[in-house]
Structure formats: C-alpha cells, structure tokens
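Each structure below is given as structure tokens.
Note that subunit A is present in both complexes that follow, paired respectively with subunit B and with subunit C.
Up next is the complex of A and B:
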C-alpha cells in the first residue's frame, strides 16, 4: 500500500487514509470491493456509483477537527438510488456482502460530521435523488417528503403553489427536513414546530433486511391519517430512527404551521444580572402557554467583552460577583439581559399578546423595560424579510423566524468551519449561571472563553429546554489548533456530564463519547439498543456506531 | 450544525448595513437570493445556479442587514474589488476553475457531490456565469 504520501512515514496518512489508496469496506479485499460495486452499478446504473479518492472527496467531513489524521472517518464508495425499490436492492446487496451503509439525505450535516460515516470503509447511501414532495395539504397542514428534498425545495413548492403554510427551517436551509429531523434538528418558529423530530408525523423505513415498514397510521392499509396521527397502535418505533441505525427512512411526514396572518416583535430588557431568573420564568410561562415563538436571549454586556477589565470580571474563575456585573452594566448604561419576543397570529392577537407580556414582566421586575419592534402582515415583503428596519439591536434571524430558508448564516462561519457541542440545561437563570461558570472554568485551559462567560446567553430552540453553545473553529492546515479543539470537545462532553448536562447531537467522532454519558443503571439504554441492533442487524449493515449503537460484529 | 453558534454569535454583531435594491427578482427562493441576471437571459444553467449557488454567491443583500451574501462577501474580502465579487458579474472563470471549487470546496465552502451536481451541470453553471457576465458588460 506504499505511495508517495505514506511510504515509511508516520501518520497522518498511514493509519486510516491515504490520498492515493482508497479505503476498503471492513473485512473486504479489493476483489470483493470490485464485485460489490459491480452489483451496485447493476442496481442503480453506472453513473450513480462512485469510488476513488477524487469522487469520494466531497463525502469527507469538511468541518472535521481530525481532518487528515488517523481519526478521520472515510467512506469507500457512494451509491445514489433513484427510488425506494433501489434502496431495498442496495440494502440486500450490502447485507449479502456484509458491508455497512451510511445513509445521508442532503449530506449537509456540517459541524456534526457532514456526509462522513462512523466506520471507515462504509458505503454512503446517498439519498439525494429521492427528492419528491409527495403530498402537501394546505387545509390539513402537513407534508410528506422524501429525504433528498431540501428546505429550499419545500419552500419553493409552497411558494409556487401559493399555499398559506409556513415551513420551520433550520439554519442553513440547504439541509433536508428528513435528515434534519432525524438528527433532532431545530428551527425558529413556534415551539411545537421548531422541534423538527417532534413535528414529524409518520415515516416509511427500509429495514436492515430490505423490508419496507411504515410507522403510525401508515401501518394500516387504507388509512388517510398517516400525517395526522403519529402513533397508530401499539409500540411506536419511530424514535429508533432518529440518531439511530435501525433502518433507512425513505418517506417522512411533517406537521406544518398555517401561515400566520401577522408577525410582531418586541424587546424586553432587565437591569440586573439576577433579574434574568425572573425573566426566564416569565418567558417560560409565555412559551408553554403557546403565546410566543422562539424567545431570543442575549446580554447587551457581551459588547463589552473587548474591554480587558470587563472581560476579566466576566470570565473570573468561579464566576463573577453579581455586584461587579451590575456595576459594569450601570457604568456602561446597558441592561444586563434582553429577550426578543415574537408573536404569530391575527394582528389583534399579536397585539394583545405583546401587551400582556409587557404588563406581566414589567410589573414584576423593577427596572425592566420594553421596546415595541417591527410588526407586519404575512407574508413578509422583501424589505421586511431583509430585517433592516428594527429600531433596536435584535438577535432574531428574520429569515428563520419567518420560515424562509437561507444560507445567510454562513457569514458567521470562521476559519474552515467548526464543530458543535450543545449541552441541554434547564430553563432557569440559576442553571444558565452554573453552566457559564462550570464550562467557562473547564475550558479556560484551551483559551476559548468566548463561549462560556457571564454574558453567555442560552439558546431557546428546543420546546422545553435550553441549550448553550460550544462551537470552536477548525483549520485544515493547522493540526495543532485542531488537536486543541478535539481535546476541548472531549473535555466539554465529560465535564458537562458530571453536572447532568448532555449533548443533544454529535459528529460520528464524538458519538461514542456522548453516548457513554447517558449511562444510567450501568448503561441500560445502550445495552437495550445493542440488543435491538443485534436482533435486527447483527452484521451492522445500517450505520454501525451511529448514535453510539454498535452491533455485535463491531463492538469493542 | 449548524444552526447553533450562529444565532448566539449574531447577538454581538451590530451595524445594520443598507440593503441594496434587487435589480431583477426571480427564482423560487427569497427574492434577495435569486438570480441577478437580466430577466431576458434564458440559459439552462440559470436555474442550476439559482438553486445551488445563488443563496451564497448571489448579488443581492445578505440576511439581517448584511450587505452581501456570505460567498459574495468572502470573495469581496479576498479580491478587494479587483474583480466583481458576485459570480454572475465576474466572468472569465471557466468550467475547470468552477469545477475545482465545486468539487473541492474552499475555506468554509464545502464541496458538492456528483449526486447534487453532475459534471455536465457544473459546466452549465459555468456557461451561465459567462453569459450573465457578458450580458452585464454589454448593458454597461
């Protein structure tokens, strides 16, 4: 296997991957690989099977902190079926050859591994060609799509047909509703729509033996409610296919929000650091009562982090004294915290909702203030969408807030991308302050205090929980930087777990670390998943290792 | 992700830029992310560009007050006005150069798979960009 890259040299290239020697599937020689590719080509056509380093380059994780190291995961080939029957054929071929498949939808899961697999040598099952919006219902508010449909595609269908429906989009919008929801991705609108897996309703799955299964009402022949009642009867296996490896989802239904008549924004600010606790409680009430969309928290004091003396206070080991933070806020003439509120519905309802929110919060928190924001009828005009008329500095991403897909968010991506760790925490001020302090101290050695300091705000994306963000950049030509990031990610996962905070989603290179933290009763959940995996997919045909679930064949 | 770091980091950004008016608003996406080419330019690569490239490399304004879309802004930073940052105005790249970036990515731009864009489609996009740039030059 020697070549000009790896002959007699040490890693990065020798252990896992070499630019001139393609990786092979596990337990397979080159003759077997050639035979496998031949069968794939016969099933889907010559032009839809790829192998070799050039064609497989786009299947690498371009945001990988282990880029060009022995830890990077490489697929051996990719195959792109045109329909469900071809997916079944491919699964049966892979089963016969005992070759792991790694399904992707649009392959845009950047920051979480992109299109790269858990196991070296896996064949990527690229579902991009399954790209039909199969059914969309304006009166009953649902859609049924294939995995290759992107949010851009779905939005275009809604626009072209003039449907009064809103699509809750993640950022950026080139991902797939199927893929994003199976990753338990999130969006920006009302709580029960921005939890994308929670908003799914019915799926079709190719199982590891090639059988086709439908969940919920889809299991009942002739049912007309597949996208309206998710459970059907008996145990609902749908959850196994999110961040899992028990099948390949080929169709998925989603609930859609009727396009609201009106959109209204408003900003609440509070003066003191500890006021945040009450502010969060009020917003929890508003959200759980269904009055508001995503609440976007922020600290105006973050603008002071460029000042060394303030930064020293905000990053003080063990956390700052409240009085010091309040004094800094007062000296700068800034409130300590703010929250953008968003209201959807008839104009009068949004007006009443905003008035209620103001009255409720301002009457309870001394010094709290409210600013009326943009408000307008939907659909938004181009100028409204561009978000240039808000009279105050807002954290709202207007495209996302209005369910319009965009790539505009890419402007904040630095270096060569980033990885993400988003620990889940309770919706309380106390919990936010604790995470600021604990993870700020834990990550201090890596010099990455911009993520966890006394001005770091929680993200309110999930319906009933906060998250905070650790998303350090990667640099393809800076192995030392990437190694630091890699160590920081692993430490963040471990330290968070010691405090009861778990990640919600992870790249393949971190999935085992994260899964290991969900360890109640001697890893009872993992052992349960392994039993299931061994029963239906002992050879690991479907994404072995995904979600930390390994079949017997690959368990170490 | 990606959704993640983004929104939070945006909180620290200020200074709303003026949004430029869009000359021609077409395509199935948001108007600001549609093609910038003259409406009369009928080219098979146009839809491919609009659906695969324009959301990042279009000539319209970016989101939330950003003056440019991210890919266009990146090229503006790189070339500092020496060449048009918007690909539809630039011209002279050719299919081989376009293919290098489509298949290999660059910086934060990931590469595109052949299941997303075939080699023939990449050539169509390159041809459209030439035609678009020429149309703009002719109009100027």
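Up next is the complex of A and C:
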C-alpha cells in the first residue's frame, strides 16, 4: 500500500507527519486514545475536543525548522476547557490515563515553538476559552486576567473603559499576558514593566494532581492585595511556573503602568566605534535611575553593509580594527553608533530628563551629538504611532513603545518565519564587541555571520541585561536550508555558552540544548528541578520536557 | 457556515478578479459578507469606490482585524473573502483559527508584490459549531 501524502509505502510511512499515521500519546494504543477522547468530550463538550490531521494543523509550529521531518513534534489532540473546574477535570483525566498535557494560552509563541509540544502525542490544553479580564484597577494599577486574554483583548478593555493605564505588550501583540510572561517575554516601555514575568503579581495554578493553588497574597483567604504584593509569606513558588511544567496557570495578576501624560524622544550619536562603551554606561545609568524607557541602539554604519568592501571589514574574522571602522564612518560622514532615548511622564519632567541626558553624555564623549525628537501628549494619535514625523531615522517601533498592540511587525517576516536565539550578555560595549566577534566567527560556516557583524547592536529589552539576536529564516519547501539553520542554532547555543552567554527562551526542539548549558555544579539546578518534577508529577502529566525538565518516566 | 452554493458563487467570481482587480471589485461577490483587500496590490483611491463591506489595508492587518474582524468573528456566521499578500493571510488565518474559522479556499494569483511576495485570494469561513450560523 502506498501513501498518497508522503510517497512512502506500507506503514510506517516515510514522512514524520503523515496523515495516514495517527499520532498517539506515549505508551497508548488507539483504543486507549479513543477512550481518553471520550472522557475529554464528556468533560468539556464534544465540540471542544479536536484530533486528526486537519483539526490538529493549527497546533503545529508554523515556524518550525524541522517541519515535516522526524524531529518535528506533534500533538495527538487538543482540548479547550471553558473554566478552571474543567481544567481540573482534564488534568485528573490525563493523570488517570498517564497522558501529557501541553498547556497553551493563545499559542502564538512563534519562533519559539508556537503551540507545539515537547513530547509527541501530547494533548494540547488550549486555554483560549478562559478569556476574561477579571479585574482591572485604574487607581491601583493592576489587572487580573485569565490565560486566553490577549494583549489586544486587554487593550480593548482599557480603551472601552477609558482607563488611564498603559499595557506593556510584546510585538506582535496577539499573544497573551499570561502566556508571554510565563515565557519570560518582554515589552518596550519602562524597565520594570518590560520584564513581563517580573511585572506579574500573583497567580492561580492547577497542580498536576488537579489541586488549585494561589501564590503570594492569594494564598491568604480574603486578602485584598493579591495583585499588589507578590510574595505573601514563605517560599514563593511562582518562578517554577515560568518556562516550567509544574502546573497550569489559570489566573495571573500584572502591574500596569499609569498612562504617562507626555512622551518625548531624542537621539544621541557618537563618532567612534569605541565611544560605544561610554555611551552604554551613561544609558545604563539613565535606565537604572528610572529616567528612560527602552533605549534603542543602532549603528548608522549598518546602512553600508550593502557595500562589499565595507561588509568585508565589518565581518572580518576576529573582528575589525577600530581604526578601519572609524575610517569608514569618517568617509561616509556617519556616526558609529546611535541610541534612541524615550522619556515618559509630565511634559516638564520629560523635557528636564532629555536635557539632563544630553548634558551628561555630550559633556563626557567628544564628538557626541544630540537631536531633539518628537514629543507629544499621550495617548498618541495614529500618525504619532506610525512614527512618520521624526526628523531622523529612528529605530523605535512606536506601537510597542507606547503600549499599543500591533500586528504590523509581520511585514518584516521573511520566508516562512524564523527561529530565535537571543543570548543574554552584560550591558557593556566590550561585551557587545566580544559577542559580535565570537558568534560572527562561529556562524561563518553557515553563511549566517552577518547577524553578528561589527554594526550589530544590542537589544535593551530586559531590565538589566542586553541581548543580541540570531533569527535565521526557515523555508517549508527547502529542507536543506532548514537543516543548515538547525545546525547553526545548535552551534550558536553551544558556542555562546562557552563564553558565558545563555539563551533566555527556546523552542521545544532546542530546550534541552539550552537547559544543558545551565550546568553549574554538575547540573545542580536541573537535578533540583527533576527532583521536584518527580515528586509532584512523576508521570509527566504537565508538559514533560518543557524548560528542559523531564520527569523520571521520560528521562533518557 | 459556508455553503457549497456560496463557495461556488465565490469561485466563479474570483478568477475574473485577476486581470482587473478594480473592475471586478465594484460589486461584492454574492455569498460573502465582506472582503479585505491588500492595497499593496491595487491603486490608491480604491477605498473611495467601494462600499463599507470592502476593507482595505496595506500589509498590516491590525486595524481591519481589531476594528472589524475581531468583533464580527466573535459572532456566528460571516463569510469573508480576501485578496492579500501571503504574509497578511498568515496572520489572518491564525486569528481566524482562534474564532473557529478556517481558510476554506486558497489560490495563489499570478501576481507578485514588489519584493516577490505571493498574492493570494481566499475565503475564511466559520467551521466550528460555536460560530456556524
């Protein structure tokens, strides 16, 4: 018998994702699977349980570099409960059947695996129907939401009620505050709101045995400060649920920024390559003092990368000579580096802040220059959000910077998406230059060294650390290209770790690689996580393998 | 829910759109409740010539989705047709999945955007019981 889909003959067919072959949960036969689905249907209603190739297509990782290969991970089914009680029911059923669940909020974690699980045959627990904004407080600046609430949903509530609150959102904004923060996602406003997990305050969790737990002040019956004091008393387990697999978060509180009265931007440029070090130190000071929002670094010299001779200098093995880069900048009449600064607050405060930043930096770095940028009262108009009136080339994406969710960033997605490796590095010019050199050289064999050339700037998304970006595209119709990307990703993770740089977030297919690099004292942290996992979820009901944490049942 | 009758009507109209997008958008294809058209592939001023059921956008679907589609897709029914770049369809398709809808017809047109972007005509229809009218 030949398969009309994958051109293999006689089961098992050749393609990893073959519609003729059912994906089943681990250690389960088709009869068991049918019984499992029957129980799920009884719990949530027939129409909220899906299985089969067509219905499960949305739960594949659209950006997978291992699309249609043996390494791609497939769920066997999906189930969408309506409320917390149904989540508990599903967990208890899964526990009885020893079937792994893979919880998702909106499943939009593209570049990091999307809705696809770590373990083939897992059942996706799709929490999209838990979509209520339970409480939002304009005076005390917090919100309590369910996992199916997207940033757009939350923004809509703020707008419809006319609340003077700002929602720090990722870009694109179609993910959920719960899912994004549990992935330790980031935003683009003020430092302590950009760290989405850091801005959470209190959560409710369904544990692997179906019990319901609340963290922080939520553990105290009748407490009125669940979204205002995160710790409560005693050890705080909240961190275990971020990039973890110790429970299913069904409610989560977040601190919200009061809508600032005014917004102001300004640009600082510096002439020489090594001026970057001082520039970073000044911006660190401004940020850690709470004066500025996201600082957006860039190199105007990146515009010269289309010139072969300049590109050769900027990608030179071992890094370029500073003098060569400075000479190129001089010849082009361009500064070596720039940073967009953003100020929030009363108009006078933003004005004073910008003046202070200019004075501080220009008085210390010879040749530094400042350009006054746009400034206006908030909320911004559509034209202001489009950022078309800035008198200079700005790296700021205004929607994100002003807490307005957007899907516009999809216009820059090329091929069939991308994967992402964003190593964390210190906020110093020296560290940036070292990462440019090391990872640029490491990725040269794949033809992907341009991600780390001498004009590559750091991202200042996290509160106290830089990241740089490696996000090669994937192509569904080009397995050879994808295989190269896959090898490059693994090498980047390994080489970065050799230099003390770790990834902050990864797709399931890379989570074991990344987790293995956090290996201090013979992987003491992983062993600790495994002990916890074995104690509370020995059968691996909740997302086995997520974050590199495997229960004994699945450990190899 | 999309009916075979509606699908056939739409299918009969869309091939004619290819040679002259503007001329054939003057009236909505029968059976669809609205259309979205990616203005990257049409002339400026197109919006002025059509009624409210043709929604124009330029690559970024945010506004049309947030202001129109997200609200309509929460209700049963609503057969949506579109001619967009592949990138915009990628976004709309995933948002449609969240509301029990699927791309039920998808055809690549013999057109390309300025950067080689494929142009696609499609239908998004309600398929889940919760939104089938």
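Throughout what follows, the second predicted complex is superposed on the first by the 539 of 556 C-alpha atoms of A that agree within 3 Å, B and C clash if a C-alpha of one lies under 4 Å from a C-alpha of the other, contacts with A are read in each partner's own complex, and residues count from 1 in each chain.
FYI, a residue touches a chain if its C-beta (ideal position, glycine included) is under 8 Å from a C-beta of that chain, and two chains touch if they have at least 3 such contacts.
Computed from a predicted structure; not experimentally measured.
Once the two complexes are overlaid through subunit A, subunit B and subunit C clash, as defined at the top of the document. Considering which of subunit B and subunit C touches more of subunit A, the answer is B. In the overlay built on the shared chain, the residue A:387 is in contact with subunit B alone; subunit C does not reach it.
When the shared chain is aligned, subunit B comes close enough to touch A:171, but subunit C does not. Look at A:398: by the touch rule set out above, it reaches subunit B but stays clear of subunit C.
Of the two partner chains, subunit B and subunit C are each touched by A:407. Overlap of the subunit B and subunit C contact sets on subunit A: residues 58, 62, 106, 108, 128, 152, 156, 172, 174, 405-408, 410-411, 413. Contact residues on subunit A toward subunit B in their complex (touch as defined above): 48, 50, 54-55, 57-59, 62-63, 78, 80, 106-112, 114-115, 126, 128-129, 152, 155-156, 159-160, 170-174, 185-187, 296, 298-299, 302-303, 305, 382-383, 385-388, 390, 393, 395-400, 404-418, 420, 422, 456-457, 459, 461, 467, 469, 471. Within the complex formed with subunit A, the subunit B residues making contact are 1-14, 16-19, 22, 25, 28-33, 51, 55-56, 61-66, 69-71, 73, 103-105, 107-108, 110-116.
Put simply, subunit A touches subunit C in their complex at residues 47, 58, 62, 106, 108, 128, 152, 156, 172, 174, 405-408, 410-411, 413. If you check the complex, the residues on subunit C that touch subunit A are 59-62, 65-66, 70, 87-88, 90-91, 94-95, 97-98, 128-130.
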